[in-house]
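Which chain is which? They are A, B, C and D, in the order written, and residues in each are numbered from 1.
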Amino acid sequence: MAGSTYGTLFRITTWGESHGPAVGVVIDGCPAGLALSEQDVQKYLDRRRPGQSRFTTKRKEGDTAEILSGVFEGKTTGTPISIVVRNEDQRSHDYGRLKNCYRPGHADYTFDVKYGFRDFRGGGRSSGRETIGRVAAGAVAAKLLKELGITFTAYTKSIGAICVPQQEYQFKDIMENALYMPNNTYAERASEYLDCCIKNQDSSGGVIECMIDGVPAGIGETVFQKLDASLAGAVMSIGAVKGVEIGDGFAAAKAAGSENNDAFFYEEGHICKRTNHSGGVLGGISDGSPIILRAAIKPTPSIGKEQETVTDAGENTILVITGRHDPVIVPRAVVVVEAMAALTILDLLMINMSARLESLRDFY
Amino acid sequence: MAGSTYGTLFRITTWGESHGPAVGVVIDGCPAGLALSEQDVQKYLDRRRPGQSRFTTKRKEGDTAEILSGVFEGKTTGTPISIVVRNEDQRSHDYGRLKNCYRPGHADYTFDVKYGFRDFRGGGRSSGRETIGRVAAGAVAAKLLKELGITFTAYTKSIGAICVPQQEYQFKDIMENALYMPNNTYAERASEYLDCCIKNQDSSGGVIECMIDGVPAGIGETVFQKLDASLAGAVMSIGAVKGVEIGDGFAAAKAAGSENNDAFFYEEGHICKRTNHSGGVLGGISDGSPIILRAAIKPTPSIGKEQETVTDAGENTILVITGRHDPVIVPRAVVVVEAMAALTILDLLMINMSARLESLRDFY
Amino acid sequence: MAGSTYGTLFRITTWGESHGPAVGVVIDGCPAGLALSEQDVQKYLDRRRPGQSRFTTKRKEGDTAEILSGVFEGKTTGTPISIVVRNEDQRSHDYGRLKNCYRPGHADYTFDVKYGFRDFRGGGRSSGRETIGRVAAGAVAAKLLKELGITFTAYTKSIGAICVPQQEYQFKDIMENALYMPNNTYAERASEYLDCCIKNQDSSGGVIECMIDGVPAGIGETVFQKLDASLAGAVMSIGAVKGVEIGDGFAAAKAAGSENNDAFFYEEGHICKRTNHSGGVLGGISDGSPIILRAAIKPTPSIGKEQETVTDAGENTILVITGRHDPVIVPRAVVVVEAMAALTILDLLMINMSARLESLRDFY
Amino acid sequence: MAGSTYGTLFRITTWGESHGPAVGVVIDGCPAGLALSEQDVQKYLDRRRPGQSRFTTKRKEGDTAEILSGVFEGKTTGTPISIVVRNEDQRSHDYGRLKNCYRPGHADYTFDVKYGFRDFRGGGRSSGRETIGRVAAGAVAAKLLKELGITFTAYTKSIGAICVPQQEYQFKDIMENALYMPNNTYAERASEYLDCCIKNQDSSGGVIECMIDGVPAGIGETVFQKLDASLAGAVMSIGAVKGVEIGDGFAAAKAAGSENNDAFFYEEGHICKRTNHSGGVLGGISDGSPIILRAAIKPTPSIGKEQETVTDAGENTILVITGRHDPVIVPRAVVVVEAMAALTILDLLMINMSARLESLRDFY
């Protein structure tokens, strides 16, 4: 157990269920001296909040962050930052058959087997609301990283078969369409596809891409705590993620070495690369180029179509999930991927500070 | 730092460079009572040993495992198992220009930036020899898991564009061809492609797949220590891996929910699934189906072709790596993927034992 | 950093400052199925609450526990339990000179050096209120351990020079006197001594003892995670503790081996010991006897007497701390020692479940 | 399990049994650039080696350290340092009754209960030889710390009732007498007492003290990873330690606050303390004064006298341990205490580097 903690020096612990009183996070190890307000956190939470477009659940949650510790006179103190978000929409529902059915594609069955028990009220700890803690913590990490010149650009690369090619990226579009795609035209096409999904009582998956600029070379620990390994574990821990790539990813498996190797060259005092197939990571350590990662998100498992399943009493049955459900969770997961990337990068930046004896000598 | 340790309860620490006196691993937390001999470890090491086919390096290493602790009268004692493999091929080379050049696609540059220093003798800690410790430990984990009915089938799914489709898998072929492909005909085609690569002084990547049978439902911790997240981090930590998938992986991102959901049904006292798009993991917890994971391996970065690069003095130069190099590392990495999967599964199995109060009551 | 998390499988993360909005704890890894209510937690919190006798601060804090997650239909779910206690007494004070003075015996100076900053409002994170999270979590651990037959008896062994000898222990007295001493007569004498301290504007230290019954033999991991090492680290982490002993402790250093060894004998199917100098731990592993530990608590550093000190501007000055302060913190720390012991024992009990292959075989 | 690893950033993993082929340690996270040779390690190992005086076992062990990785061209590389010490004295003994008896004061019984098994050849993992790994790693940590101006002075403060008072410390004497006491006259008295113990087939305990100079203020993490808590856990993890004190320790429990508080004053640009009752730690963070810790060591449990015990078959019996045994282990444990202190201090120094945002800003 104890799987709700992430990070070594910058360490977060998330908690909370979808239908309990609140969800939240404790951030431990945040360096002292960072200007931080609830507004900084709120901006990130708003990006994953439901009810923002016709493709996201209508559940009305203000998702208001309250900081309960670790900030004094507007700055972080070095001690744990506790952030709580109250669940507003807790009214009692009639869960009906859902209470006893294992929904396909959900964690109902696996939680029941593991814990001898499950919270049938909307997924409990396996609900998407679990990510609120991650995003709140990610907001703090991202703010700190920005002060070090490290920035994140995350977006929806594809929804179903509609994929924005790299050469058509328009980063200014990302915040202009409800799907957070880096091209409004593609976003429109994806919207049409999603309308189709809704009509068919079906859902769609997609791919999220995250580019990280400004990470200095040298970040990541050898062997098991490599930068790419840490990012992969972090991103795969997000609910619906089924695949992770760094740089060229699976395409590299088909490439020749002469295509995939990035040539080095020297220019104006800096070592640079002609290409970035590596996605900014060599031997598990950042190489100074932008870090590029992608996450494959499966289609929302809650669909209106009839589905074959079993009850917890072991009877075969047909399940129909009623009510509105998001036909896609990709857009809301964009900020979650960004958050996990920020948490990972910051932790590894802090760990790297003691890599050399001369750094200790300079510091002490 | 301290990135060379993996696992919580079943925990390994690997050490050693390619050209130092030895490489090895300490396995801590192995349950007492497992019959274990050096031969058990050797069988796994032999699968990653060089010199087995015309596609692997000619470096002659017996790679003989010596167990220095933790086994008494043929059984594990519950205390750390230290395994050492001496490096036999340490003769002094003339590294020539390699000594001062950053090889494209290698970790030379990133190690130098991080540590202010690099071991120019063949990659040091970033060498493929680092995986010997993983494989030795994986052999122990796999042996223990076999006693619990959990087995692994790992193989080369594709090399370059030559990919064995699932419906043509012949698992008995895996050990019959030097590429560990589950179909000898495809293996032959891949061999021809690799001969081509050699002729072109180039190299190829590929995809490794691993199926894990017999894992009971309920394994994996919620949120950050999910089964799939743990596997992804573990597998991405292997040197040349650039992507990881669970179940349908990136294909799920293109699928509809109605296609991707696995229907449950009840049969002979068991809850089963009609399909296994999930790859055996739901909500980060095993669902009782076979676990399926894939790793994308980049092409070997050491190629004979001329490459543009820089020296550690900051001069642009052209690098030609002479000597023979593996045109592909995929076949030798198969057992490494299997080892990382075994280490992950065993650790999570042990952690899961205290998930319920009633388990503690039964135990104590 | 990241020092606010304790435990491996049963893992807690505490947060909160004395004068922030709240303090709390997240308990991760609590086994599913434990009946738990806020009342269970409240009973423990009440034992450390201020305002209970003339020797404890008058600060009025209800210290009411609110459980925000991890409990469903009255039982733990296996997911994180978040417990929050609002700080009621946050009104703005005139901290006057305290704001700029480093109080002797306090952490004002060390926090300032470390973080470049300190929370001058009553100690911030180094305040005794930090222990609320420990005690709330300890209440959960102790309740679970009780179901396994493991119980704790903690009490004030001595205050200043007034020490209750073992042969005069009356455990029923513990809850009858405000000092939690196991003998009301000694408690009265100690009270007189404390009145004297108050009159002298001075304070007193003391010793807390904790006996743990029912721990089965075999608990504790070898080498660094020994039962006694874990208890020592846990108990020494409580604010004012300056020494820890297991069994005979420092007295063992003066004893002869023939006195200190505990003879084994066999009786009615059990291996027993004639004496318990070891305090229930041999080789870092529980031996089935009661576990006995002691903690030395330093005198409250806040005293009314004039004290020489410096300001944060580096000026020598004389400090007079006005207002009422506890002349002793020992009685309020008794439940904190018990809590840390419970957290440690439970974590090690859970870890021990995978010590043998046959246990895994039985479980799976 | 997995109790053989210590530390967060500077992390060691020890392994090996007394009668296996070897013992050793892997040091992970050692900063790159430290000049290190086997001789640096040997100097420390020689201080705990047997056979140095008439009070230590005659077992002949050269205890020669071999470094197998992590050092290149005489300097640490930042990757794991593996150190192995072969056990020379492994000849087969006739263990006779020891094989089936649980020796009082030893871990025979507790290992057997825990693992269903024990290594009857001299204690296995619970043997004093386990500390070789700690000492080898401590040698590396101490060498690095010396470069930062941090030095250790460890010695035998008392043996049985013979205790060197602080005012009679002669630090130059420590290396002049076989007992490592800081006063040769007291050492002579203690030797006479030990001769007496030998004659009586009995043994003695004692107290070790360690002073650490040069630790800057600000080291130690709040709450659970405090400097004193970390030291206490580290030192209590040494085999025979039954008590740990920081600064005045248990004496503080009897003192008044006005006596125990250390007054601050300002002199020549530095904040100093008039006294050092705190032992250099306030609120779990170093205060810039020397750190002082003491460990109580129990008498050697192996004594020649007849002892009552049980066999592993559950029969009451009388045990007589034949052969020569150390009448005291205190002198040999001095360097072990020093090693554990060095490992702890270095790890916390490294962790502290990211306590402030401005440190990250300066570094990156």
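Definition applied: a contact is a pair of C-beta atoms (placed from the backbone, for glycine too) under 8 Å apart; a residue touches a chain by one contact, two chains touch by 3 or more.
No experiment lies behind these values; they were computed from the predicted model shown.
Among the remaining chains, the Cα-based centre furthest from that of subunit A is the centre of D. If you average the CA atoms of subunit C and of subunit D, the two centres end up 26 Å from each other.
Inter-chain spacing, taken between the CA centroids of subunit B and subunit C, is 45 Å. Taking the mean of the C-alpha atoms as each chain's centre, subunit A and subunit C sit 38 Å apart. Listed for subunit C are residues 1-5, 8-10, 14, 29, 31-33, 78-79, 114-116, 125, 222, 350-351, 354-356, 358, each touching two or more other chains. Because contacts link each chain to all the remaining chains, their graph is best described as complete.
Those residues of subunit B that touch subunit A in the shared complex are 1-6, 14, 102, 104-107, 109-111, 113-116, 125-126, 130, 158, 160-161, 197, 200, 202-207, 217-226, 228-237, 239, 241-250, 252-266, 269, 271, 274, 278-279, 282-288, 296-303, 305, 307-310, 314-316, 351-352, 354-356, 358. Subunit A meets subunit D in the complex at residues 8-9, 29, 31-34, 76, 78-79, 144, 147-149, 216, 222, 349-351, 353-361, 363-364.
Contacts from subunit D toward subunit B in the complex involve residues 1-5, 7-11, 13-17, 20-24, 26, 28-33, 66, 68-70, 72, 75, 77-82, 84, 114-117, 119, 124-125, 350.
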